[in-house]
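Each in structure tokens, the structures are laid out below.
Each of the next two complexes has chain A plus one other chain: chain B in the first, chain C in the second.
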Partner chain A sequence: MGKAEEALSVCLNAKDQLYTNDSVLIDDLTLSTLQIVFQRLDHLDMATSCYEYACGKFPNSLELMMGLFNCYVREYSFVKQQQIAIKMYKVVGEERFLLWAVCSIQLQVFCGNGGEKLLLLAEGLLKKHIASHSLHEPEALSVYISLLERQSKFGDALEILAGKLGSLIMIEVDRLRLQGRLLARAGDYSAAADILQKVLELCPDDWEYFLHYLGCLLDDGSSFFLGNGGNSIYPPKHVGCKNLDLPDEVFDTRISRASVFVEKLMAECDNASIRSPHLANLEIQKRKLIYGKGDPGKLVEELMQYFSRFGHLACFTSDVEAFLLFLDDPNKSEVLEKLKGCELTSSSQTKALGQAITIFKVENLIGNMFSLPVCELEGLAVRMADMYCKNLPVSKDLDLQENMHGEELLSMACNVLVQLFWRTRNVGYLLESIMILEFGLTIRRYTWQYKILLLHLYSYWNCLPVAYDWYKSLDVKNILLETVSHHILPQMLASPLWSDLNDLLRDYLKFMDDHFRESADLTFLAYRHRNYSKVIEFVQFKERLQRSSQYLVAKIEAPILQLKQNANSIQEEECILESLKNGNHFVELSNEIGNKLLTFNEDLQLRPWWTPTFDKNYLLGPFEGVSYYPRENLIKQTEENVLKNIEKRSLLPRMIYLSIHCASSSLKEHTEANGSAFDPKLSLELKVLLERYARILGFPFQDAIELVLGVSSGQKPSEALSSDLIGWINFVVFLNAWNLNSREIGFSNNDKPRPSTWHLVNSLLKKYIIEKMRSTGPLLSSPGGDLPMLVQLVTEPLSWHSLIIQSSVRSSLPSGKKKKKGGVTEQANSHHSHEIQDSIQSLCDAIKEVTEWLSAQINKLDDVKFETIFSLLQVNGEGQGPGRILHMFENLISSVDNTALGDRISQALQSWDAVEVARKVGAGQSSVLSQFLRICESKIKSLQALRTHL
Partner chain B sequence: MTTIRRFCCNDLLRFASVNLDHLTETFNMSFYMTYLARWPDYFHVAEAPGNRIMGYIMGKVEGQGESWHGHVTAVTVSPEYRRQQLAKKLMNLLEDISDKIDKAYFVDLFVRASNTPAIKMYEKLGYVIYRRVLRYYSGEEDGLDMRKALSRDVEKKSIIPLKRPVTPDELEYD
Partner chain C sequence: MVCIRKATVDDLLAMQACNLFCLPENYQMKYYFYHILSWPQLLYVAEDYNGKIVGYVLAKMEEESSECHGHITSLAVLRTHRKLGLATKLMTAAQNAMEQVYGAEYVSLHVRKSNRAAFNLYTETLGYKIHDVEAKYYADGEDAYDMRKQLKGKKHQHHHHHHHHHHHHHHHGGGCCSGEAKVEGKAGEPEAKAE
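For the complex of A and B:
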């Protein structure tokens, strides 16, 4: 007996004793011990029933009732929580239990299916309690006010805040913020503005509240209604201009009031780090423009003022981003010209450096770099790197732990080089962009911004093992797994690095599942410590993570990976499918996906510009010359794609299962390999899933069949399937399996003979495998490329098809019990046998070509001399081309001045080894190919073994 | 341009640019949530325009008698927002809450003995090295226990440095 079973048995025994033996002592310690064990054994219900029984026996025991409440918290049974909390409140009359009940009611409304009317009940309970006992906890007051706010009873809330209870909020500015918000939401903008002005007097740097203040001055309280961003982690962007029809004189008076107030704030703030009042002037100019009363020149002027004060700060560009992008193109150019014309006469070198970096950033932000000629762009990258080198001495005395001055210059130079590569397709620029980041990391190994850029560049260049090493060095763990994994996970899913992918998926799923398990205990902790607002927050947060799209992707991709890894053995595959309940659970997931409001918690802001979302990489396409890419549209498209993908991929395990069964019954008239009768429902079910799968691919079933037949026969171009090649070939594979049993797709169509579906699979698999292999090209000179697609073709549709073959072969093997059949059946079986042999041959031929190609590629990479890689960096006769920055680094190293740079930087420079980086590129690519080669070889071996059985 | 407000769970999804820093530990969920559930007033986040997270502070209040004190568990600022005295603002906020709301005697924190830049910063903020804790960090590196007295500790007794280092098991609170 395993320990878990033993523990369960002991607990069940104790539970029986509890129910049957009156002399058994029932105390909270015993019950909570039982509860802990039951919880660990995933039997929360048993713990609950123990407590329910005990509470029935000792109806007024507060300790037991609290234990029972805790059980309901763990089960997310909000109604029961409410009932037991009320009971506790009645027994002891304590405020906290009433608040427990109120929270439970709120949870029914926010997270359950309770109607808003329930809030009235909660409000009534609180009112009654306040009348007799008042309130004593600040959190209780904030729950009460949030209840009223939710019901739009702003006046009532304000009255309470103004009364005696208001003093529970001990920090004045917090009380004012709340008051301002309630007034604004009640539509009393004038009073709200007065209060918000007081908030700003106390906290002059509070930008969010300045925006609220300005909004209220202009009779617009919409900034208070923004919510928290719905399914994305980013709050929605506030446009903040609803009342555009304010009379002119009213607008003028109000906006001047804002200006005067901002002037006053600036005069009173002697703290040089307070930026908000200065930025407020830009916002005021922007509002004037929106209301048709402004002058863009003034906004430009304010921008320049802001630059002269804060231009050296790393956050300058993100501070003014919204204003810069608001200007039209000529004004944007004017800003840039003016910035470039500024004399950077800052007293300190670091400030001057900061300002110079800001100018580069502004140039990038307004899209100017995309319109520069190649030679100028190259010059820009060189200038950035040169500035980095020249300013190294400024960081001489910094600790290794501290960020160096000018670190951003290398990221920016890298971004420019990537653009140069995109434009010219000169791989040298790509190599140089990698080199400069590696150089930066040699000097200071902690710069995570370089690591993120690098991992994307290495991924793009098919050096996934190196990319993964850099990813690991970011030490992504715990909640970062949810927000940062997107940098590597999508590439890994399409790679042959199965073991690493397995680690990634396992760690991520473990983190999420652990959180779901422990979250309720933390919610109870919030109850106990009377932080009621956190109760609601915790439950909502857990739900948010449960609805995470990435979590669902990982949940489905983890078993698909297992299926891929074991596809050479049908027996092992069947065990896996059995553990997955034959894929049924995932079909349910697919059914539900349309009704689920999924969340997208990936932090996409840290992604490089050339791959703003995980399904978009500009470098894979031609240079489009566009200067600005609005992320929002892309994100929406990505989210739709993710949903569709989850819906489609969730069908795979079940389709594999059904295909194996259909194939196994194809040879012997509805008898399966184990001799049992084939259930025709399975074939029908596969058809239903195929129809659905086709719909997800965007076609009605019949049209989808016509399309694949058309492509196979050459009547339709091969690009017809390129929108989702893997999806389509999977469809063809499962279609064949279904047809083996159903035989609905005829072999002839009037007088034109139609190929069999076996042939369809063979031809399409071979066609695309060869096509993708050829288009992949030599990895070193062809970054991007189709290698991931080729890997997926072999490890998914080809593997699923090999399972169908294995199933067919297995069912054709003579078994003692079965009688030999003759006549028509035998003929049909013999025909099938040929089809299977042909298919095996076809697959073997295709994979053999791939293995030969892979071996040749690996040999080539092994033979590559570093000079070959370095030859990519060739500066032409006019002194242009990739390699100039690297050359600059070499000069720097050859003339290292220890006194100027300090020991640490000097030593780091001496350790720089460009050859090592070049070697890493070659070795990384070789490693991916070798792992893929191993997979291919094992497939050939398994297919050849099958042939011997026929 | 610093909107400082209470930290909430959704901020955990947006703090990657702060936490990718190698000196900023990303704790497990129960650690953050325990702080949120028990000491929400000691967990604050600073936001910049566009709701970008600039940095955050997490801490707690604990102890008995004259050891009742605020504790800074973590304070961190994103590279983009460094050198703007944000850490100071966040520290002042926590000190204020410890002092005025919870009437604590002092605020303390632990720092790696090798983290010179941080030690210098805390000294500038009025913290003194109260004692050395031997092998406090993963049994390897020593930690420094730094303290700042609050108004309730009129005689500044809480910050008189200890003469000898202590071991982690001698700590009253960790």
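For the complex of A and C:
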């Protein structure tokens, strides 16, 4: 007996004793010990029933009831929570138990399926309690007010707040914020504006409340209704303007009231770091423009004012972004010209540097860099890097952990170089962009922005192992696994780095699953500390994570990886499928996906410009300029793709399972390999799934069949399947497996004989494998490319097809129990056996070509001299081309001045080794190819072994 | 421009991102939850235009000691938003809440000996004094200064006088020094990052 079983048996024994033996002591200590063990063994229900029993026996024990309440909290049984809390309240009359009950009611409404009407019950309970006992907890008051607010009883809430209970809110400005919000939501904008003005007097830097204030002045309370988007890491905070038909004179008075108030705030606040009132002026000008009463020149003027005050700050550009983009093109250019014309006469060097960086950023934002000529663009990158080098002495005395001044110059220069690469396809620019980031990390190894850019550049250049190393150096863990792993996970899913991928998926799933298991325990902490609003937030947060799209992707990709890794052995594959309940669970997941409101918690803002979402990479296509906005559409498209992908991928395990069965029954008239009768329902089910799969690919079943036949025969172009090549070839593979048993396709067409579906699979697999191999090209000189596609073709459809072959071969082996049948069946079997032979041959041929190609590539990479890589960096006769920045770095190093730069930076500079970086690129690519080669070789071996069985 | 507001559970996603980008330390998610579920009044975030979280302070009430006091667990401000006094504002908000909501008498914190920028902020701007040195406090072996700042304290004025009809004494908002059991497996000390 294992330890877990032993523990369970001891606990079950104790439970029995508890129920049957009256002399057994039932106290909270015993029960809570039992509870802990049951919980660890995943038997929450047993713990609950122990407590239920005990509470039945000692109906008024508060301690036991609290234990039982805790059990229900762990099980998220909101109704039962409410019932036991009410009981406790009745026994001891304490406010907190009433609030436990109220909170449980709110949970039923917000997180369960309780109707809004329940809130009325909660309100009634509180009202009654207040009448007799009043309230004593600040949190109790906020629960009460939030109940009223939720039911739109704003007047009642305001009344409570103004009364004696209002003093429970300890912090004055918090009370005013609440009052302002309630007034605005009640539609009393004028009173709300007065209160919000007081908030701003107390907190002049509170931008959010300034926007509320301005909204209320203009009779528009919509900013209070934005709420939290819930599905995104950054909730939308964009403030629109609803009330555009305000009479002119009203608008004028109100907006000038705002101006006067902002002037007053500015005069009163002596703190130079307070930005809000200054930015408020920009907002006021913007509103005037929206209402058709503004002057863009004034907005430009205010922008320049803001620059003179805050232009040196790293946040300047994001502060004014919305205002800049609001201007039309001539005005934008005017701002840029004015900024460039500013004399940066700041007293301190760091401030001047900050301002110069800001100007670069604004240029990037509005200067339409994509229309600049290549030579100008190159000059820009060189200027940025030059500024970085010249300002290194400013960072001389900083600690290693502190960010260096001008760090973003290298990121910006890198961004420009990547654009140059995209436009010219000169790989030298790509290499240089990598080099300058590596250089920056040599000087200070903590700069995460560089690491993120690098990992994307290395991924793009098929150096995934190096990309993964940089990802690991980010030390992503805990909840960041949910928000940050999108930088690497999608590339890894399409790679041959199975063991690293396995680590990634395992760590992520473990984190999420642990959280789901443990979070309920933490909920009780909030009850105990009487933080009821946090209970609700926390339960909602757990649900948000449970609905995470990335979590679902990992849940389905982890078993698919296992299936890929073991596809050379049908026995092992069958064990895995069995552990996956033959894929049934995933089909259910796929069925439900349409009804699920998935959350997308990925923090996409940190992604580089050329890959704004994980399924988009501009560098893979031709240069066509990029419009950064609106990014929302792009993200929406990505989210739709994710849903479709989950729906499609979760069908795979079941389709593999069914295919294996259909294939094994094809040879021996409806008898499976193990002698059991084949259930025709399996074939029907496969057909249903194929129909669904085709629909996800965008076609009715018959049309999908026509399309793949057309491509196979050359009547349709091979690009016809390129929208989702792996999806299509998987479809063909499973179609063949289904047809082996159903024989519905292939021989019924009288006009011209159709090739068998075996032939269809062979031809398409071979066609695309060869095609993708050729288009991949030498890795060093052709970044991007089709290597990930090639890897997937071999490790997915080809592998699934090899399983179908294995299943067919196995069923053709004499089972010993039965005698060989003769006649027609034997003839058919012999025909079938030929087809299998042909298919094995065809797969072997295709993979052999791949292995030869891989070996040649690996040899080439091993032979590559660093000079070859460096030759990519060639400055032409006119002093243009990639390599200028690297040259600048070399000059810097050769003339290092220790006193100017300090020891740390000087030493770091001396350790810079460009050759090492070039070597890393070659070694990284070689490693990916080698791992892929190993996979291919093992496939050939297993296929050849199969042939000997036939 | 920046609004300093109380943190919500959802803010956790962005708070941990700040942590990744600012600090060599990293806390387990449980530890954040332990704070926000126990003393939500002591967690503040700095939210910039567009709702982006650019800094946070994570603080708690000390449960073990007899003298009621607060402790700053973690403070971070994104580099893009330094020199705006955000750290000071976040710290002030948390300290005020400790004092006003929980009646804390003093507030303590730990800082790396090598972190001069933070040390200067605590001593010069915020008035903290070195109380002790904790040898090898951090996982990478570095010492920490144990720093303290006296709060006005004893302002724990709210509504004690109201609870005459109650059987139990209430610690408001879940109670400073209430001696309640700590969450299991709490990562009390920061773990060093891999680098």
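The rule is simple: the second predicted complex is superposed on the first by the 941 of 950 C-alpha atoms of A that agree within 3 Å, B and C clash if a C-alpha of one lies under 4 Å from a C-alpha of the other, contacts with A are read in each partner's own complex, and residues count from 1 in each chain.
Rule of thumb we're sticking to: a residue touches a chain if its C-beta (ideal position, glycine included) is under 8 Å from a C-beta of that chain, and two chains touch if they have at least 3 such contacts.
Every value quoted in this text rests on a predicted model; they were computed, and no experiment measured them.
By the touch criterion defined above, A:314 reaches both chain B and chain C.
Of the two partner chains, chain C is the only one touched by A:92; chain B is not.
In the overlay built on the shared chain, the residue A:170 is in contact with chain B and with chain C. Of the two partner chains placed by superposition, A:361 touches none, neither chain B nor chain C.
When the shared chain is aligned, no partner comes close enough to touch A:150: not chain B, not chain C. If you count the residues of chain A touched by chain B and by chain C, you find the higher number for C. In the superposition on the C-alpha atoms of chain A, the part of chain A touched by chain B in one complex and by chain C in the other spans residues 170-171, 203, 205-209, 228, 233-235, 273-276, 279, 313-315, 318-319, 322, 399, 401-403, 407, 446, 448, 474-475, 477-480, 482-484, 511, 515, 518-519, 521-523, 525-526, 529, 531, 533-534, 537-538, 540-541, 544, 601, 603, 605. Chain A contributes residues 170-171, 203, 205-209, 228-229, 233-235, 273-276, 279, 313-315, 318-319, 321-322, 399, 401-403, 407, 446, 448-449, 474-475, 477-480, 482-484, 511, 514-515, 518-519, 521-523, 525-526, 529, 531, 533-534, 537-538, 540-541, 544, 601, 603, 605-606 to its touches with chain B in the complex. Chain A contributes residues 92-96, 133-134, 136-139, 167-168, 170-171, 203, 205-209, 228, 233-238, 271, 273-276, 279, 313-315, 318-319, 322, 399, 401-403, 407, 445-446, 448, 472-480, 482-484, 511, 515, 518-519, 521-523, 525-526, 528-531, 533-535, 537-538, 540-541, 544, 601, 603, 605 to its touches with chain C in the complex.
Interface residues of chain C facing chain A in the complex, by the touch rule stated above, are 1-5, 8-10, 12-14, 16-17, 20-21, 24, 26-30, 33-34, 36-40, 47-52, 54, 79-85, 89, 96-97, 100-101, 114-117, 158-159, 162-163, 165-168, 170, 172-175, 180, 183-184, 193-195. Those residues of chain B whose C-beta lies close enough to touch chain A in the complex are 1-4, 8-10, 12-14, 16-17, 19-23, 26-30, 32-34, 36-38, 40, 47-52, 54, 79-86, 100-101, 115-117.
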